[in-house]
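Across the two complexes that follow, chain A remains constant while its partner is chain B and subsequently chain C.
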Partner chain A sequence: MPDYSWPAPEKRRVIGRRTNRIDGFVKASGRAKYAYDIKRPGMLYAAVVVCPYAHARIRSIDTSAAEKMKGVAAVHVFDGSAPGTEVLWAGWEIAAVAAETEELARDAARAVKVEYEVLPHFVNEADLSKAKAAGRVKPAGEKVTGDPDQAFKEADVVSEGVYGCPVICHLTWEAHGQVIEWKGDQIEYWPTTQAVSSIGNELAKALGVPPANVHVMQDHMGVGYGSKFSPDRWGIACAKLSKQTGRPVKLFLPRDVEQMIAGNRPSHYARIRLAAKKDGTIIGWESESWSTGGMTGGGAPPIPYVFTNIPNQRLNHTAVQVNAAPQRAWRAPNHPQASYLTCCAMDDLAHKLGMDPLELFKKNADYTARPDVYRWQLDKAAELIGWKKLWHPRGDKTPGPIKRGLGIGVGTWGGAGHLSNCRCNIYPDGTVEVELGSQDLGTGTRTVIAMVAAETLGLPVGAIRVKIGDNRYPFSGTSGGSTTVGGVSSSTRKATMNALEKLFERVAPKLGVKPEELEAVNGQIQVKGDPKKAMAWKAACKLLGTEKISEMGQNDPKNPMGLTTGGVGGVQMADVSVDTETGIIRINRLVVVQDCGLVINPKTAESQCYGAAHLSICAALYEERIMDDITGRMLNPDIEFYKVAGNPDIGEIIVHLDIRPEHDKRGVIGLGEPPVIPGIAAIANAVTNAIGVRVPYVPMTPDRVLAALERRSA
Partner chain B sequence: MRTFDGTAVERAGACAPPLSHLRRPFALLYFGTIAVRQSKEGALMSMIKKPPEPKTEPGAGVSRRGFIRDVSLGTGALGVALTPGEARAAAPALRGPGPVPVTLTINGKPHKLQLEPRVTLLDALRNYLDYTGAKRVCDRGTCGACTVLMDGKPVYACSILAIDAQGKNIQTIESLALSPQPDPLIRAFVNNDGLQCGFCTPGFVMAAKAFLAENPNPTMEQIKRAFGGNLCRCGSYNGIRRAILEAAKAAQGGKNA
Partner chain C sequence: MQAFAYASPTTLKEALALLADRWGVADILAGGTDLLNLLKDHIHTPQRVINIKGIKELGGIRKTDSGLRIGALVTVSELLASPEVRAEYPALIQAAEGIKSVQIRNMGTIGGDLCQRPHCWYFRQGFGLLAMKDGRSLVREGDNRYHAIFGNQGPACFVSASSFGPPLVALNARVKLVSAKGERELPVEKFFVTPQSESEREIALRPDEILTEILVPPAANVRNATYEVRQRETLDWPLVTASVALTMKGTAVASARVVLGHVAPTPWRATEAEKVLAGKGLSAAVIQKAAEAAVTGATPLSRNAYKVQLVRAAVRRALEAARPKA
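Then we have the complex of A and B:
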């Protein structure tokens, strides 16, 4: 068996180099075809009918008028929406109409008559007492470790605060949907998905057809953030409309429906008490948390976060049921919220102790799984943001309405590689293909695969044909949990190495050496260390005659052979200015220090950090699903009033990848999720540091900032 | 007395900047094709994107398309009390609601189509032709993913009716990749990783094209404040900023370097 381990850092020619993403041109020039861009001959456009009520019973559905309309090919009532069904949230799919044009489909959707019996609803969980009064709470029980009562008795200082983050939406730029062409017993399926290898099997199961008959194709996708693993009800409806009409059907959710039902992140609220010694050592934690993820309620946040070994804890959690579509995994599920709750409580404790929060975080780093990593990262981030020079005790005392402050957040994540299979084909003309049933969400997966293959085969990145986005390629796991880069890099490394070994067997006799004496470097196969005893890549491949090499490689998560591991820490620090007259917050800088293992492509790895930091700014300052108590509907199912940060809003993001030799040795670790975690806490603590008072809820909108300032002066 | 302006957004892309700081209390300030933003001095000022002249009758029902038409009949002033009926009477010629002949000049090439008058330019490009570089994201004139140039000016294709785009020179992202050498802007976006999923990217590139036409020699500080009319969900703004600076410098032949 070849030695699959990563080449030593000094021997790498491709890995670790800043490399342009290989699909950059096709995307930036508009030629990349996403599922949303697929147009098939004779394709019908579908529009959906959804329930406007947050809680209702369907009395009747009359599709007859819609069916008679010009250009309408078929009307389908969703499975699970028959009359009598209790609808539990607004946006619930009732019917879909397929017509010759999108305009006609929308007209026909409006003509579907649905009668409802409207039932009482409950949609806002922020006020726990109201949720209790409405009978919408499910206590999750109490969890106690150590003796919190004694700890709080013995404490020199006890601090207390209430903090909360609302439900936010995935808001994927490419909406959820698909094109499906069901011909005979064959289903051609163009979804927008994070699960190329498995989504077809799920669709097949729902439709009762053999999984082998479903062909999934996806060249590019406009992000998922955890919301695009399943075919969903609209995928099944789209397939049924295609079967019914015998024509391809395109069904994508309009933005408002997308916002209401196609993915949200659960809220997390908590009242937290901390007990500490005078020197800053935390000796006790008590929290009462509550959250919602829709009708299923919301799971307990993983608090105390990062500082998990704080002794003497009492945790209570309450799940709140609201009439809203269910939560979906959202980039590092529950971690950003838990980081926010924990780091804000620690920042408030530092203030009460009269201590620099940087010192408090470092002092308690022994409660984390990786104290040295966090201490190093805290110092590094402090150095990059100028903590020593710019930090001041809570409340900027300089004159004028603009107040500046700094804050800290921390995070952790797993990110070890998933199950991935790769096939490497080498053709007699020298062409190299690597095939994986994987997907590139915009993370740079395609480029990473090409780089690993190029490194192993001694070829330039451009010589590798990366074939992903098709379920006929070898099974590769879903892109969730930051598991993709570890999985695909490891399987690609093994497949290309196995293929190369086969090629060495052909070349060795020609060079009069044994196969194990060969290496692939600089576009040729050569005797190790002797570039003169060599054969050019193309000449070597020509020896294959009419055969081709086709070898597999697998990343087995149970035995990753040192190529990939999980477990990282990260620290972020924010520098903000707050206008105390208008309540407007401006991000000056956000410093991201991220532990990340072996980095294959620093360019796209940094982009992950920039993007994640930007999402933290969005969540800290802008994003919020606003539900109307009276109608039970989302008030901002769009991108006008559901705010996200634009270019002028993000200030300067400074990324420092913590690529030290001890981290490089750990192999490849996923980076999609870790940097999205600490930012909200860092920004919230920076705002508090600036204005001298805690804004208890994010997003820290001007009204909330002004209200917090008013409470202080009252 | 402000040491920073908070919301000042220099328009680079199409009509409406994201009102990131103008939250709920101000929500209704954005309405149809009229966007209101805060100026550098903190005062509110309106940016009225001059709507195209109405030509036809849209389809049935109160739709956004109909609203666009009605507002345009009111010459942009929302207070003008023209009922849809009066508006119809005032219109020079009635066409529709069924498909009517529409000719669009896209990247210099005429395309003859049969479109209902309510079809937007974006949908004409994407559904009735095969120019899918312009993307549909918000479909409400907010995000800029559908940005194309109309007679050299950046517009949101989702908020313009195809019939009103007749006789205009429409330039889409596809035009930048037609020549053997891709446009230097595209190259700069790739070099600086000014994209991740790439869904917003064609819109950004077109907005950048227009921005550089007006500001051939921008500073990084100007670029940081620009592009309020385009949003990127992946957060590729750092790369986009560097890409625009690099493209500007390349076009200046080092004059700005």
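Then we have the complex of A and C:
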């Protein structure tokens, strides 16, 4: 068995180099095709009918008028929406109509007559007393460790605060949907998914067809953030419409429906008390938290976060049921909220102690799983943001309405590689293919695969043909949990090494050495350390005659062989300015310090951090699902009042990847989620530092900022 | 959207002949940046859509003795590029600059801007302009964070969305409205109205009329400015805006017009602030007093009291921008 371990840093020629995305050109030029771009001959367009009420019983569904409309091919009533069904949220799928054009489909959808018995609803969980009064709470019970009562008695200082972040939506720029062509017993399936290798199996199960008959194809996709693993009810409906009509069908959710039902991140609110010694050592934690993820309620946030070993804890959590579609995994599920709750509480404690929060975070770093890493990262972030020079105790005293402040947030994540299989084909003309049933969510997965193959085979990145996005390629795991890069880099490394070994067997006799004496560098196979005793790549491959090498490699999560591992930490610091006359916050800078093991492509790794920082800014300042108490509807299922940051709103994002040797030697670790965790906390604490008072809830909109300022002056 | 007949006349006369004498039958299409949303969301379901972009006489910016004549079809981009507008009407330029989307600037017209429908989320979700449901005001009892703090005693609580309304009212501009029967002129201030019933509209335009042009009086001696409070630097609706036009006598204000946007169903004259300014120099103290006076009579709803403070800030900053540079 070859030694698969990553080449030593000084030996790497491709890995670790800033490399442009290999699909950058097709994307920038608009040639990249997404599921939405698929147009099959004879394709029908489908539109969905959804329930406008937050809680209702379906009395009757009359599709006859729609069916009679010219150009309508079929109407399908969703499974689980038969008359009598209790609808639990607005946006619930009732029926789908397939027609010759998109416009006709929408018109026909309006012609489907649904009668409802409207039932009472409850949609807002922020006010826990209202949720209790409405009978919508499920206490999760108390969890106690140590002796919190004693700790709070012994404390020199006790601080207390209430913090909260609302439900936000996934707002995937490419909407949820798919094109499906069901021909005979074969299903051709173009989804937009984070799960190329498995989504077809799930669809097959739902439709009762053999999984082998479902062919999944996806070249490019426009993000999922955790909401695109399953075919969903709309995928199944699309397939059934295709079967019913014998034609390909395209069904995508319109933006408003997408916002209502295709994914949201649970809210988290908490009242937190911290007990500490004068020197800043935390000795006790008490929290009462509540959250919603829809009708199932919301799970407890993982608090205290990062500082998990704070002694003497009392945790109470209440799940609140609201009439809204269920939560889905959202990039680092529950971590950004937990980071926000924990870091805000610690920042408030530092204030109460009259301590610099940087010192407080460092002081208590022993409660984290990786004290040295966090201390180093805190210092690094502080250096990059100029903490020593710019930090001041709460409340910027400079004259004028604009107040500036700094704040800290921390995060942690796993990110070990998933199960991934890769096949490497080497052809007699020198062509190299690597095939994986994986997907590139826009993160740069394709490029990373090409880089690993190029490194291993001693070829330029451009010489590698990366074939992903098809479930006929070897099974590779879903892109969730930041597990992709670890999985695909490791399986690609193994497959390409295995293939290379086969090639060495052909070349060795020609060079008069043993295969294990060979190496592949600079486009040739050579005797180790001796570039003169060599054969060019093409000449070597020619030795295959009419054969091709086809070798597999697997990342087995149970035995990653040192190629990939999990467990990362991150620290972010924000520098903000607040206009105290308008309550408007501007991000000056956001510093992102993150470790993530061995970095294959620093450029796309940094891009992940930029994108993540952008999302943190969205959540800290703008994003919020606004539900209407009276109508039970989402008031902003759009991108007009569901606000996200535009490029002018994000300030300068400074990324520092912590790639010190001790991280490098841990192998590859995923980075999709970790950098999206600490930002909200950092920004919230920076705002507090600027204006001298906590804005208790995010997004920190002008109304909330001004209200906080008013409380301060009162 | 509901199917409709489509016409693309090239003369005003043809276009006028296609209009109806009641709302809901025909809709005028200019840039379409608002109308298409209304059609797609079935808020408007006209039988006819009349594209007026082919009518040449509705375009162009011309300087005349009585001021500037801005054709209804002038786009936001054209306005921004106009040296005549830049020279005398910073209040209009600043309002146009606030519309951050290049696409909207290129397609959106000034006529369409004045005639656009409110963006109240209840209205846009089909609950009607006044958003009443089972006798309850959805705005009053629901989420009114973006709604009116002035002029909201009646059933209308939405805010006028027009970016150009406040500066045009401040500049004392007039609109020309033409129908097959004749034409009339109205001060922009009178063009915006507060509907009292669901059958009324928020503008004085009649269903058989086309807004053909806007006439802005000369402003060589009128210091004017617009300040918009927008949460985001990217495309976003203002939370509150203030436009001021100060007719100067030396360094003192002879008379002032202070007009607020996004605070009422119409652009809102802050007459108390105007009184404070009349006859005074623009000292910091006077500006502060005017800003304070501007909020006189505000009646915020359950969730929008913060706009009162935004009015103070916007008025102060608009006045500071209009103040002659020392």
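Couple of notes before you dig in:
Simple rule for what comes next: the second predicted complex is superposed on the first by the 714 of 714 C-alpha atoms of A that agree within 3 Å, B and C clash if a C-alpha of one lies under 4 Å from a C-alpha of the other, contacts with A are read in each partner's own complex, and residues count from 1 in each chain.
Methods note: a contact is a pair of C-beta atoms (placed from the backbone, for glycine too) under 8 Å apart; a residue touches a chain by one contact, two chains touch by 3 or more.
The structure presented is a predicted model; accordingly, all values stated were derived computationally and were not measured.
Of the two partner chains placed by superposition, A:138 touches none, neither chain B nor chain C.
Applying the stated contact rule after C-alpha superposition, one finds that A:703 touches each of chain B and chain C.
Touch criterion met: A:648 reaches chain B and chain C at once.
In the superposed model, A:39 makes contact with chain B only, not with chain C. Looking at the shared chain after the overlay, A:362 reaches neither chain B nor chain C. Comparing chain B with chain C, more residues of chain A are touched by B. When both complexes are overlaid on chain A, the residue A:12 reaches neither chain B nor chain C.
In the superposition on chain A, contact is made by A:640 with both chain B and chain C.
Of the two partner chains placed around the shared chain by superposition, chain C is the only one that A:631 touches, whereas chain B remains out of contact.
The contact surfaces that chain B and chain C form on chain A in the two complexes overlap at residues 103, 107, 110, 582, 584, 621-622, 626, 640-641, 643, 645-649, 701-703. Taken in their complex, chain C has these residues touching chain A: 1-3, 42, 100, 119, 121-122, 125, 127, 133, 136, 138, 141-143, 145-146, 229-237, 239, 303-304, 306, 309-310, 312-313, 316. Interface of chain A with chain C (complex): residues 103, 106-107, 110, 581-584, 621-622, 626, 628-631, 633, 635-636, 640-641, 643, 645-649, 701-703, 706-707.
Across the complex, chain A meets chain B through its residues 20-21, 23-25, 27-34, 36-37, 39, 45, 101-103, 107, 110, 171-175, 220-223, 254-255, 400-402, 441-444, 577, 579, 582, 584, 586, 603-604, 606-607, 610-615, 621-622, 626, 638-641, 643-650, 653, 701-703. Listing the residues of chain B that touch chain A in their complex gives 1-4, 6-10, 17-21, 23-25, 27, 30, 42, 59-61, 116, 118-119, 123, 126-127, 130-140, 142-143, 145, 172-174, 176-177, 182, 186-187, 189-191, 193-202, 205, 224-228, 230-241.
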